[in-house]
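Order as written gives the chain letters A, B and C; numbering starts at 1 within each chain.
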Amino acid sequence: MAYVREERGWARLILITVSFLFVALMLILPLAQVLSKAFEHGIKPFWEAVSDEYSVKAARLSALTAILAVLLNTFFGIAAAWAITRFAFRGKGFLITIIDIPFAVSPVIAGLVFVMTFGRLGWAYPFLQEHDLKIIFATPGLVLATIFVTLPFVAREIIPVLAARGTDEEEAAVLMGAGLWRTFWKVTLPHIRWALLYGIILCSARAMGEFGAVSVVSGHLRGKTNTLPLHIEILFREYHTLQSFSVATILVIVAILILIARHVVERVGRKEAEYYVR
Amino acid sequence: MSRFFIALLALPLALGWALAPASTAWAAPRELTNISYDPTRELYDEYNKAFTAHWLESQGEEIAIVQSHGGSSKQARTVIEGNEADVVTLALAIDITAIEEAGLIKAGWREEFPDNSCPYTSTIVFLVRKGNPKNIKDWGDLVREGVGVITPNPKTSGGARWNYLAAWAYADRLYNHDEAKVIDFMKKLFANVLVLDAGARGSTNTFVQNGQGDALLAWENEAYLALAETPDQFEIVAPPTSILAEPPVAIVDENADKKGTRDLATAYLQYLYSENGQRIAGKHFYRPSNPAIAQEFKDVFTLSMELITIDDPLFGGWDIAQEKHFNDGGVFDRIYSND
Amino acid sequence: MRAKKSKTLPGFGISLGVTMSYVSFIVLIPMFSLALESADLGPRGFWRLATDSRTLAAIRVSFLCSLAAALINTVFGLILAWTIVRYRFPFRRLIDGLIELPFALPTAVAGISLTVLTADKGWVGYPFALLGIKLAYAKIGIIIAITFVTIPFVARAVQPVLERLSPDLEEAGLLLGAGRARIFLKIILPEIFPALLTGFSLAFARGLGEYGSVIFIAGNKPFSTEIVPLIIMSKLEQFNYDQATAVAILTLVASFAIMFAVNRIQTRAALFAGEK
């Protein structure tokens, strides 16, 4: 854990004030705007919008795609970070940049690449038709697009931390006879867990909120391929502003839940760390 | 430590399992997918209920209708890309033509149903602030100095193309077909445009919520929807001339034949022309194509407006109009280019 | 402190194998389909598109606004991460938790709320309107939207590194009588610089592609507030798949180049820190 030294004086005061101002202006005000719109006419219309059949279906679909995407990207992120920080190989800089591509691609294009591959115009379409498989405009497409958009998060968070640490401890573990799995589990993981956790949290939040890419591969079939963000946008475009902002509040609540989960995890982690020290 | 991380992994897996939608619905009813455009949700919500009941009564079969809404061209694109619609009910004929060119709809779809396959129509009107402080009555008032106009971008919004063409039609009459003067008028009009939103809904929000501009160019039905959300702040002005917006419908032949839903799809679109279907359209602020039913709504719609169609020699149909005005390098681009 | 390239550690084959196949399936193969699509255009068509004055204007707007937003976030992200890690004060947890909000909120909702706030009748826009400054429907609006969407990148990249920073060096610096500014510049900044750079480049690249929130606030007037993703969208609206993908590839190559350069600098910096 970081060693916290409390500084006193003007620097601390100024920095905290700046942080508060920035957060208030850029984050709390927009949030207040959303909430005030959602509860404009009290709790009843809000609840009706949220418990609507299609909202519930959209929420389930969003949860499913986000969970799948986060799981796969976490697994990938760990593998990528291990390969990149622990070994020297040709084309490493290139690989790192490729991992970043999804950030550089406009979400619209991120969706389009899958449409161009698996959709009716794509080269893989005849094969998919033959085997009666549906990827685009069905759940697999949503998952793929979400994975694409959130691919770099976990890897990106772990790589700097892992790179900043030497390999001495791991080498020692291996020399003492520990296998790959054990070395990673017992030696590496404890050091990267916070970074990993940040990565997972960013990845989950982004996966739940992703709109652009998912919108291209969804087809907007109500009750079938509409995720929460799509449902929110469609409600808005159909002149149901209140319902739209009410459903958006679900996503805000999810963000808060993720935050609480993180606190619990952090607290447990700290207790374990104390135990180790003793 | 490790037990903790196993829990961290197991939790989402369990959640995912629990949340996975139960897809084992056996003996599922036949499904009809209607891919439509943005503000038709209420219309088709009510119409689908009416049609499902009608079909059950006349054929004794239960059916389920899956609905999809979005920007018209975007929706057409998803059908081309493999979104398996049985029927499309879009905003512009050119969007359905694009599906036809992709080989999914057979040529001649415009003759398949009455009135060019347009069961309901609409037009472009102005939404102005209560009391009409800038006294905006006709298209000519929009180019006056100090009048702020809000319209979506014709390049990204199907609806906005109707706005543009309606203004063009007005100017063409005014200047007696002198195209240089018409373009000049259009330049003045778009110089008054304060915000060029990507879609119709964005424009309405800019005008209604954020208080920009003095007049919003909008589809009649959307103007009524905006009015319903904020009743006392705005009023609708119907200009003496405007354009006849014709949102067409069609069966997507390839999908309907593959899924064996042709009978259902045909009946679904035909029922739009029934008295019941026409009344539902009128109730949701679309002008019924059946003149007798349209008369029932004469207090809602200004039926005396002179409405020019896209097939008028002035425009020569969608394909020609799109090519001349809206494609890259077309007249609209020239209006905005610096020279 | 650079990681030594190990010959004794196991798992090279499996980790690289997993990485490469995943990246190929999710990124490379689909990207290849995209390139295939734009190939229809031919080099001449591509060149005409790349030199079109309106496309160029949009690219300029997108680049400048993303750059401004990324810089703003680098400064404030660093301050946020610093105060959260180093200080204890009321509502610290709240600030910490709110940082992810921009990811959780669908971009359209963010765009709509930000526009309401910054339009000349909004809570924030009104005082500025009195001074004659337009926020929404101007370039500043685009910068605000992109800044909002990319807030988490820098803060969350720097935070883990700051948390792991060993206090020994700083204490040594203090003992040797170095001032706080000096300690920050000479000891802390080199340590967090790679993370800072990562956050900056991610925010910048993400800003270039942002569509959902920006279109509501931008005004979207050609040559002044039109962004590249909007150009791509309007090509798609005309069913011009090849041109749309070509513009996409154009911006992709540009941001790829920037990220590649940043990654190189970062490797250098890490090397430099290691040799010290």
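Some observations on this one:
Assume contacts are C-beta pairs under 8 Å (C-beta built on N, C-alpha and C of every residue); 3 or more make two chains touch, one makes a residue touch a chain.
Nothing here was measured: the structure is a model prediction, and the numbers come from that model.
Taking the CA centroid of chain A as reference, the farthest chain centroid is that of B. Inter-chain contacts peak for the pair A-C. Chain geometry summary: the mean Cα position of chain A and that of chain C are 15 Å apart. Chain A and chain B have Cα centroids separated by 35 Å. Among the residues of chain B, those in touch with two or more other chains are 80.
Multi-chain contact residues of chain C, defined as those touching 2 or more other chains: 112, 116, 233, 236.
Each of the following residues of chain A touches two or more other chains: 121, 236. Residue ranges on chain B touching chain A, taken from their complex, read 1-2, 4-5, 8-9, 12-13, 15-16, 19-21, 33, 35, 38-39, 41-42, 66-70, 75, 78, 80-84, 102, 199, 201, 204, 222, 225-226, 228-229. Residues 71, 73-74, 77, 80, 98, 153, 155-157, 193-198, 202, 205-206, 209-212, 322, 326-328, 333, 336-338 of chain B touch chain C in their complex. Residues 1-6, 8-12, 14-16, 18-20, 22-23, 26-31, 33-34, 36-37, 76, 79-80, 82-89, 91, 93, 95, 97-110, 112-114, 116-117, 123-124, 147-148, 151-152, 156-157, 159-167, 180, 191, 194-195, 198, 201-202, 205-206, 208-212, 228-229, 232-233, 236, 241, 244-245, 248, 251-252, 255-256, 259-260, 263-264, 267, 270 of chain C touch chain A in their complex. Partner chain C is touched in their complex by these residues of chain A: 1-7, 11-12, 15-16, 18-20, 22-23, 25-31, 33-34, 37, 72, 75-76, 79-80, 82-89, 93-109, 112-114, 116-117, 121-123, 144, 147-148, 151-152, 156-157, 160-168, 170-171, 174-175, 179-180, 183-184, 194-195, 198, 201-202, 205-206, 208-209, 211-212, 228-229, 232-233, 236, 244-245, 248, 251-252, 254-256, 258-259, 262-263. Residues of chain C that touch chain B in their complex: 53-54, 112, 115-116, 119-122, 136-137, 215-216, 219-223, 230, 233-240, 243.
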